[in-house]
């Protein structure tokens, strides 16, 4: 399991090479990439972070995913700092023997990461700055996992 | 929407560049890669295909996904022919504004592709050849989508 | 009529495709299967487990009652296992 | 005690972290919030909407009743919005 909380950008090709290192040879790989969505007039996105806690929480969530599904490798990168529209924020690569496992784990980890990992986003426009609030639908998604 | 039924291998980096072409700028990208899973003693995997029908069926399924979720771009490559363990079989890249859309659509398309797209896999061992049979759990997954 | 076979069905029949003159009384896919099975043992063997066979007319999945005509492309194959 | 603040809480308090001597009668996170709010308006304002604040002791999410000691790192932040 590899978890990296960083200000640096990531490159999918390089990360896939690292993921495939050591003869990775299972059948299914699920990848998710989250970027700064270009909203009307959005200049920058500030992502605040508590890195020591983020590392712990993401590791916890990934361990839970491992206990729920049969997973091979997990690679997670989450950026923080001052980003521009279309910049990468998060990368999640999960490998498993069967596709359902890596796909479900991918969704699960992203849902939990969204509400449990200590990151906070601020949208910066030319005339205002807005801290994004946690949204209802994200919380509902979390609860769904508890009923499975 | 781009659908390619081909004997040729694909390269994730090149396909991502094509996907991102024309200023792709939404927030979420979900990728799935399916490979030939190296089973004990497996020498080759023969994938038979009815290309004209595959093109139609995959397009249909992608259109249904588009009608169910808010998706931006879809790129699907499915290979056929004689493959080796660990070779690429299928690549699916879906972009959307919100992560739930591209993740669900990715799972949906793979589930349907598995049972509706005309591809047939034969495992080739040194002493035997086995046509893979459709499995129960794949059919159950399909039914789940109908109840949503 | 253009006929196509895939996977183990193609192996048993030992052809991937062929063009056949089909008697005009053969109106449905089901009747076509019965007819083919009657003219050659290879078809009979291939179509033996009827429930395990799917068919498409002009690249669209259909059931046994689907009407067919001379200009159609009819394909026979096992349940799909791609992806 | 080492205190950390994030997002708009850090902006209102105008600090990202500090080390403070906390009176020994302060035993829980809830009491710490009350104490900080009593000594300076900035804390009071930051902690005003108590329901909107989460806290971690030594990088673990806890509730207001969590016991704290001098050597702990206590962090205050809004609900997370990463991913």
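Which chain is which? They are A, B, C and D, in the order written, and residues in each are numbered from 1.
As a working rule, a contact is a pair of C-beta atoms (placed from the backbone, for glycine too) under 8 Å apart; a residue touches a chain by one contact, two chains touch by 3 or more.
Here the structure is a predicted model, which is why all the values come from computation and not from measurement.
Any chain touching chain B that also touches chain D appears here: A.
For this pair, chain A with chain B, the centres built from the Cα atoms lie 23 Å apart. Taking each chain's centre as the average of its CA atoms, chain B and chain C sit 26 Å apart.
Per-chain CA centroids place chain C at a distance of 73 Å from chain D.
Contact with two or more other chains is made by residues 34, 99, 110 of chain A. With touch defined as above, residues shared between interfaces to two or more other chains in chain C number as follows: 83.
Across the assembly, chains come into contact as A-B, A-D, B-C. Against chain A, the residues of chain D that register as touching in their complex are 4, 6-8, 10, 56, 59-61, 75, 77-83. On chain A, the positions that touch chain D within their shared complex are 34, 47-50, 52-54, 56-57, 78, 89-90, 110, 113-122, 131-134. Listed in rising order, the residues of chain B touching chain A in the complex are 12-13, 16, 25-38, 85-86, 97, 99-100, 103, 106-107, 110, 137, 141.
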